[in-house]
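Pasting a structure here, questions to come.
Labels for the chains are A, B, C, D and E, by order of writing; each one numbers its residues from 1.
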Amino acid sequence: MGKATKGKRRRPRVTPGMPPGTLAADPSAPRPPIHVLAYGGDGVIEQEIDDVEKIRALLPGHAVVWVNVDGVGHAPTLEALGDIFGLHPLALEDVGHLTQRPKVEEYEQKLFIVARMPNPGSVETEQVSLFLGRNYVLTFQEDPGDCLDPVRNRIRKGGRICTSGPDYLVYALLDAIVDAYFPVLDRYTDELERLEHDILSRPDAAVPHRLHAVKSDLEAFRRVLWAFRDLFTALGREESELISPNTKLFLRDCFDHTLRLIDLLESLRENSTGLLELYLSSLSHKLNETMRVLTVIATIFIPLSVIAGIYGMNFDHMPELHRVWGYPFALGLMLAVALGMLAYFRRRGWFGSSRDQGQGQGS
Amino acid sequence: MGKATKGKRRRPRVTPGMPPGTLAADPSAPRPPIHVLAYGGDGVIEQEIDDVEKIRALLPGHAVVWVNVDGVGHAPTLEALGDIFGLHPLALEDVGHLTQRPKVEEYEQKLFIVARMPNPGSVETEQVSLFLGRNYVLTFQEDPGDCLDPVRNRIRKGGRICTSGPDYLVYALLDAIVDAYFPVLDRYTDELERLEHDILSRPDAAVPHRLHAVKSDLEAFRRVLWAFRDLFTALGREESELISPNTKLFLRDCFDHTLRLIDLLESLRENSTGLLELYLSSLSHKLNETMRVLTVIATIFIPLSVIAGIYGMNFDHMPELHRVWGYPFALGLMLAVALGMLAYFRRRGWFGSSRDQGQGQGS
Amino acid sequence: MGKATKGKRRRPRVTPGMPPGTLAADPSAPRPPIHVLAYGGDGVIEQEIDDVEKIRALLPGHAVVWVNVDGVGHAPTLEALGDIFGLHPLALEDVGHLTQRPKVEEYEQKLFIVARMPNPGSVETEQVSLFLGRNYVLTFQEDPGDCLDPVRNRIRKGGRICTSGPDYLVYALLDAIVDAYFPVLDRYTDELERLEHDILSRPDAAVPHRLHAVKSDLEAFRRVLWAFRDLFTALGREESELISPNTKLFLRDCFDHTLRLIDLLESLRENSTGLLELYLSSLSHKLNETMRVLTVIATIFIPLSVIAGIYGMNFDHMPELHRVWGYPFALGLMLAVALGMLAYFRRRGWFGSSRDQGQGQGS
Amino acid sequence: MGKATKGKRRRPRVTPGMPPGTLAADPSAPRPPIHVLAYGGDGVIEQEIDDVEKIRALLPGHAVVWVNVDGVGHAPTLEALGDIFGLHPLALEDVGHLTQRPKVEEYEQKLFIVARMPNPGSVETEQVSLFLGRNYVLTFQEDPGDCLDPVRNRIRKGGRICTSGPDYLVYALLDAIVDAYFPVLDRYTDELERLEHDILSRPDAAVPHRLHAVKSDLEAFRRVLWAFRDLFTALGREESELISPNTKLFLRDCFDHTLRLIDLLESLRENSTGLLELYLSSLSHKLNETMRVLTVIATIFIPLSVIAGIYGMNFDHMPELHRVWGYPFALGLMLAVALGMLAYFRRRGWFGSSRDQGQGQGS
Amino acid sequence: MGKATKGKRRRPRVTPGMPPGTLAADPSAPRPPIHVLAYGGDGVIEQEIDDVEKIRALLPGHAVVWVNVDGVGHAPTLEALGDIFGLHPLALEDVGHLTQRPKVEEYEQKLFIVARMPNPGSVETEQVSLFLGRNYVLTFQEDPGDCLDPVRNRIRKGGRICTSGPDYLVYALLDAIVDAYFPVLDRYTDELERLEHDILSRPDAAVPHRLHAVKSDLEAFRRVLWAFRDLFTALGREESELISPNTKLFLRDCFDHTLRLIDLLESLRENSTGLLELYLSSLSHKLNETMRVLTVIATIFIPLSVIAGIYGMNFDHMPELHRVWGYPFALGLMLAVALGMLAYFRRRGWFGSSRDQGQGQGS
C-alpha cells in the first residue's frame, strides 16, 4: 500500500503572497470534459458539452441541473463557470488547490462544499468540490472516473431523487463518497489480520515497516474523516434555506456513517499499535530464548573444555595420567559436571519453562 | 476469547451509492419469529404470530403492545411492519444494517433507538433496534435468544411495569441490556487476574498475545459503552412527550450504570497496559540475569582454558613442565584466577543482588 | 499494599433484568446498629436505637436529626427508614449496591449523595450514602467504624455546627471524608520514595510489580476523586433551597481540597510512570555493561586460547617447538595480543566510560 | 537543521518587577529603517524616511498608510511612533519583547496583532507586530528582509488591494506570513523521507539524533501555528468596525490555510514518532539476528572443541588413541555433532526464518 | 536540582474532621515581621510595625495601604488581622495551609488570591496570600525574602503605581511573581542542553536519573502555572468593582506571560521526553555494536580453536601429523577460515556499517 506522505503531487502548492482568488492554473491542462444531467420538469437530459455557455440555456427549464467537471487546471473553463454561476473568487481558488480539507462554506445564495473521494488502490484521496445553488449542483473532480455512477443511474431511472431538489442530490453525492470509504478501510482490516498472522507465525523484519505504512495511511484517512465529521455537523447546523429539513434528516444519516467510519478507523489504529507491541514482545521473548540456549551450551561445554585442557597439559609429574582409571575418571568427571550444570538449569526452570513457552507460542 | 476485529460477518455491508432506505435484504432469510406481549387494560396477552397483519388488531385494546422480531433479513416482514407502524425508510434501513452504534433518533411521533446486547462467550454484540410509539414498543433482534426474559417475566407477573407506559418498557429493556455487560466485564477481570498470576509465575510467550486479545475486546466494548453513554445523555435531554418525567428518573439510573461500566472498563484497560509493561520488564530482567550467568561462567572458565592450553604446548624448552611442583602450581594458578574472578564479581554485587532478585521475584 | 482490581467483594452485584428499586438484601445480614444524634433546639440528644420507629418521635423537636446506620444488607430496616423519610426506591437500591461512584441526585424535597470513605490500610473505599432533608441527615455506612468521630465530637461540644442547619452537617461529613484521603495518598508518596531509593541502590525484579500495584491503587483512587470533583461541582450548582448560600461557601472549600488531592494524585501517577522508565533504563544500562565485560574478556582470552592450541598441535615438523626461544616467544605473542586488544578497547572508550558510569550511578 | 531550544537570543528577556510598559530598549541599537507605502487617493507614494515626524504629514492624504519598521530596539523611535499613533504602553512593550506568541488584542480605536514569520533555513521565527488603525497599518519587524515583497508589488501595481481598506492590507500581510510556512514544512517532509530511506537501508546511530532535531523543530512550529489558529478565530469573532465583513471572508481563508498547516504538521509529528519506533524495531531485530549467529556458531563449535580436547588428553591408558579407526572416528563424531546441532537449529526454524527475514528486510 | 516530591515539609497538613476555619497554628512560631507601605494622599509612609493595632490608624489616611506579613504560623497575629480587616475564617485557614494552589475567591467586599512564588535554587514554591480590599492590600508570605523589591522601589520612587488604586498594586505583585518563573525555567533549559550534550558525548547511567529529576520538577511547576492560568482567567471574568477595567488590561498581560511560561514549560517537557528516547536509542545502538564485536571475534576464533584442537589430539594414526606440509597446511587452513568468516561478515555489511555508525554518532 502506498505511503501517505509520499505524494509529491499533493503537496499544497501555495505561492506565498499571491493575491487571493488567483486560479492555480496549469497552462498545459486540456479543456476538461463537462457532463450535464438535468432533471425535474421535462424528463432527464444528459449530455457531454464542450462549450460552457450551453449551460446557460439548460438552467431555466429544469428543477435540478448537475454540471460535473472532470479537471480543475483549465483556467478559462473555471472562469467561465464562475461567471455563469456567480462563484466567489476565493471558492474558485479553493477548487484549484487540490489539498483542501473537507469543509463547507456559505457564500451569498450558495453553499460551497469540499469533499474528498477515496481512490481504489491508493491512499491519495481525490478532491471533489461542490457548489449547491437554488436549482443547480456544480461539481469539480480532479480526474475522470469516480464512485458516483450509482447516483447517475438512480437519476436516469427516475427514482425518488428525480422528484427532490438539488439539496437531495448533494446528499446523494456525499453519501456515495462517504460510503466509498468502507471498502477502503476493509482493505486495512485485511492487511492487519495478515500482519497479526505473520507476527504469530514468523515475525520477520518487514512487519514494522508494513505496520508503519498502515499507520501512515490510516493517519491520512483519519484527518479526512474527522474533517468530514465537522462538515456534516456544520451542514446540520446550516440555517440556509438551500437545505430542506427533510434533506437534513438524510444528512444526519451521512453523519452517522462518518461516525461509524471513524470508530472503525480508530479501532484499526489501536490494533496496529497493539500489533507493534506484540511484535516487539515477540522479539524480546525470542532474544531471551536465544540467550538461554547460548548460555546453557556455553555453561555446560566450557568447563568440560577446561577439564580436557588440564589433562592435556604436558607436565612430567601428573600422577593421574599414569593410572589405569585416569581416563574413565576424567570422562566421568566431565559427565558429572555436565549433568550438574543441567540439573542446576533445570532447577532454575530454564528447561521446563522453555518447553512451556514453545507451546505457549504455538497456541 | 474471540478477537474483536475478526468478525467478518460484522463488517459494515454498505454498498456505496445505493438509494437511502434500501433494505439490506437477505433473499435466503426465513420469515422471522414474531412475539407479541400486550398488557395494560384487559390483562396480559402473549402470542407468537406468523401474520404481521394480526398486530393491527391488537394495537387498539392495550396500553402497551410489545412486538419483538427475531431476525432482520426478511424484507417483506420489515416492509409490512414499516407500513403498520409508519416507520421511516432510513430507520428501517438501519434496522437491517447490523453494525449500527447505539444511538437515539427522533422521527415524527416516535423514537428510534439502537442498542447493542452482549453475547455470552463472544465479543460480538447483537444489535437491538427499538421503536417507541404512543402505545407500542417494537424491537428487532438479530437472532433468537436474548437477555430480556426477566423483563418478560415481570410483565407476565403483572408488576409495576404493567401499570406504566411504553416508555417504562423501553427503560426496562435498556436497563436489562446495559446490566448484561457487567458479567461480561467480570470475565475480563478474571482473565487479567489469571494473566497477572502467569506473568509472576511463568511469563511465557503467550502472555502478550492474550493481552492483545483482551485489549482488542475491551476496545470494542469501549466504543459500544461510550455510545450508550451518549444515548442516555440524549434520552435525558429528549423533550418528546413520549418519555414521561418519571421514566427519565429511571433512565438516569441507566446512565449511572453505564458510567460504572465505563469506569470498570477503563480500569481494565489501564490494567492490561500495566500488565504488558510488567511482562516486558520481567523479560528485560530475565535477560539481564541470563547474561550475568553467561558472563560469570565465561569469564571464569575461559582464562582457565588458556592456562591449560599454555601448559599443553609442545615446546621442547618449557622448564616448568619438568618440575615436580609444576602440575600443582598450574592447578593452583587456575584456582587463584577463578577465585579472583569470583571475588571481583562478588564485589560488583553480581551475586548478592542476584540472590536478592530471586527472592524479590518470588515475593 | 492491596491490589485495586482484586476485591471480589466489590464487584458490582447487578442482576440484569431485576425490577428497579429491588433492595440488594442479604438474608444473613443482622439488624444494623443505628445511632441518632439530634441537636439544635433542646440540646444534644445521642442514642443507639433498635426500633426504627423511635426516630419518628425525635424528628419534630430538633433542628437537625442525624441518623447513622452501620450496615446496608438488612432489608426490613431499609424499608422502614424509606417509609419514615419517604425515600425513592431507586435511591434505596443505590444504598444497597456498594459499588456506586460518588454522585449527587435530587429527589423531591431531598438530596441523595453518595460518597466513598477511604479505609486505613486498604485500597477499598467504603460507600457512605447521605440523605439530606429539611431537618435531618440520614447516613448509611457499610460497616461500623469511620472517620467521622471528630464531627460527632464537635456536635457534642456544641460548636458552631450546633447552630447551623443539616446542610452544614452534610458539609462537615463530606469535609471529613475528603480530608481522610490525604493520609492515604501520603502512604503512596512514601512508597514511591522507597521505590526510587531501591531503583537507585538495587533495582531488583520486585520493582515493576510494586510499581504496578501502586499504579493500580492510584487508578482506583483517581476514579473516586474525579467523581468527588463532579459531586462538588454539582452541589455548587445545586439550586435546591436545602443548601444555604453560606454552606456553599464551605462546600467550595471541599471542592478546593478535592482539587489538591487530584493534583497530588496526578503527580504520584506521573512519578510512578517516571520510575518505571528509570528502572527500565537502569536494566538497559546494566545489560550494556554486562555485555561489555563479557565481550572484553572473550575478545582477549579466546585468541590466546587459539595461540596455545596452535603450539599444542602434534605435527612432527614444527620448527618453533624446538627452539630455545619458542616458549618465551609464544608467551610474548600472547601478551602482545592481550595488550593490543586492551589498547583497542581503551581507545574505543569502553573502560574510561565504564568507570564514569559507575560514578554516575552512585551520585 | 537548527535546534528549537538552542536559540539563546530568543529566551524571553523579562526582568521581573519592572513597571509595565517599560521598553526593552537596547542602547546599542541603531535607528531602524522605516519604509512607508501610502496608497488610496492620490496614487501610491513609497519612501524610506529617517524622521519619524514625517509620517504625520502623510496620514491625512491617503486611504491607507503602511509604515514598516525594521527593528525594535531603538527606544526613541518606538516612543515617537507611540506618540504619533497613540499606542498603548503595554502594546509597545510587547513589540520590543521578541518572544510573543501570535495573538490579537483590542485597544481603543485600534487592533494590535502579533504574528511570527518563518525564517528560511532556521527554526527561529521572526516576530512581526501589526497595529491596525482607521487609516494606517503599522508593522514592526525584528530585522530587515521578509516575505512581504509580493504584497508590496501588488500595491505598486495598483491591484485590488489599492481599492480596499487597511483591514485588507492586514489580511494580505497575514496571508503572506501564514503561507510562508508551507515551504518550511515541506523541508521537514523531505527530511523525514530521507530518514525513512536511511532507516530502511542503513539505520545508523545518527538517526535518533536527526529525528529528535526534527521533532524539536516541529514542536516549536506547532506552538506558533496553534497560536495562529487562535488568532484567526479571535479575528473572526472580532466585532470591531475596523474589520469589514468582506475582509472577514478573506480571513476565514487564512484560518483555513492554518488548519491545513496544522494538519500537515501533525502528520509530520506522527510520522517522526513512527520512524523512531521503526528504527528501534530495526535495532531490536538486528540484535536478535546477531545473537542467533553467535549462538549457532558457539553451539556448533564449542562441543567440537571439547571432543578435540578429550582426545588431546595425555592419559597413558586411552585405548581409542591406539586404534587405526580412532582418528576417523573422532572426526566423524565431530561431524555428527555439528550436523546434529545444525539440524536442531533448522528444525527450530532459525535458518529458514533468517533467510526470510533477510528478504523481508530488503523488500 | 531538588526533587519535587521530596518536600516533606510541603505535604498538606490537613487534620480530617477539624472544624473549618481552624488556624494551622504553630505554637513555636515567633511573632512575624509586619511591613507596611501606605501611599496615595500624604506621600509614602513605610514602617515595620510590631503591634498589629497600629494598622487601624494608617488605613483612613491613604489611598492604598499595603500590609505584608512574613510568616503565617503565629495565630494571635492572624486573628488580630482577621479582626481588623474582617477576613473570613475559611480564607484565614487557607493562609495557614501552605499547600494551596493559586486561586482567587470572592468574599464580601474583598478578593482573596493565593499565588505561589518560585524560590531561587529550589523546586519548592512559596505561598503568597493576597487580600484585596477597597483601600488596602494584605499579603502573607511563608518566610522573609521575596521577589517583590522592585515593586517596593517603584512605590518609593512614586511612579505610576502611586497614583493607581490597590487593584493596580495587586497586579504589580502578581506580575512580579509570574515573571520570577522565567529565570527558573531558564535553568531547566540549560540543564536539558547539558543533558543533550552528555547523551551525545558520553551517555552514562546518571542521565535517566537527571532526566527524571527534571521531569518531576517541571511537573510540579506545570501544576502551579496551570493554576495561575485559571487564576488570571477568573480575575479577567471577575465582575467585582474592586478591579477597574484599566487594571484588567494589565492583568491580561499577566495572563499572556503565563501562557508563554506554559508554552516554554511544555516544550521543556517534550524535550526531556525526547532526550530519554534518545538515551535509550543510544544504549540500544551501543548494545548492538558490542554484540557485533563479540560475535565477530567469537565466530572467527572459536573455529580456529577447534582446528588447533584436532591436530593436538594424540591418536597414533594421524597421517597429516607426520607430513612436512602438515603444519603449514594447518596454519593455512586457519587463515582461510578466518578470512572466509571476515569476508562473510563484510558481505553482510557488519564492518562497513559499523564504521558508518561510528561516524554518524560523532556528527
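Here is the rule we go by: a residue touches a chain if its C-beta (ideal position, glycine included) is under 8 Å from a C-beta of that chain, and two chains touch if they have at least 3 such contacts.
Bear in mind the structure is a predicted one, so any value in this text is a computation, not a measurement.
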Among the other chains, which touch subunit B and subunit D together? A
Self-contact between copies subunit B and subunit C, residue sets same or different by half: different
Please report how many Å separate the Cα centroid of subunit C from that of subunit D, as a whole number. 40
Subunit C and subunit E, separation of their C-alpha mean positions in angstrom: 25
Two or more other chains are touched by the subunit C residues 284, 287, 291, 294, 298, 302, 305, 309, 312-314, 318
Starting from subunit C, with subunit E taken as the next chain, the full ring order: C, E, D, A, B
Within the complex, which stretch of subunit E touches subunit C? 4-6, 11-12, 14-20, 88, 90, 94, 99-101, 103, 105, 202, 204-209, 212, 215-216, 219-220, 223, 276, 279-280, 283-284, 286-287, 290-291, 293-294, 297-298, 301-302, 304-305, 308-309, 311-314, 318, 320-324, 326-327, 330-331, 334
Sort out for me which residues of subunit B touch subunit C in the complex. 147-151, 154, 159-161, 172, 175-176, 179-180, 182-183, 186, 189, 192-193, 200, 249-250, 252-253, 256-257, 259-260, 263-264, 266-268, 270-271, 274-275, 277-278, 281-282, 284-285, 287-288, 291-292, 294-295, 298-299, 302-303, 305-306, 309-310, 312-318, 349, 353, 356-357, 360-361, 363
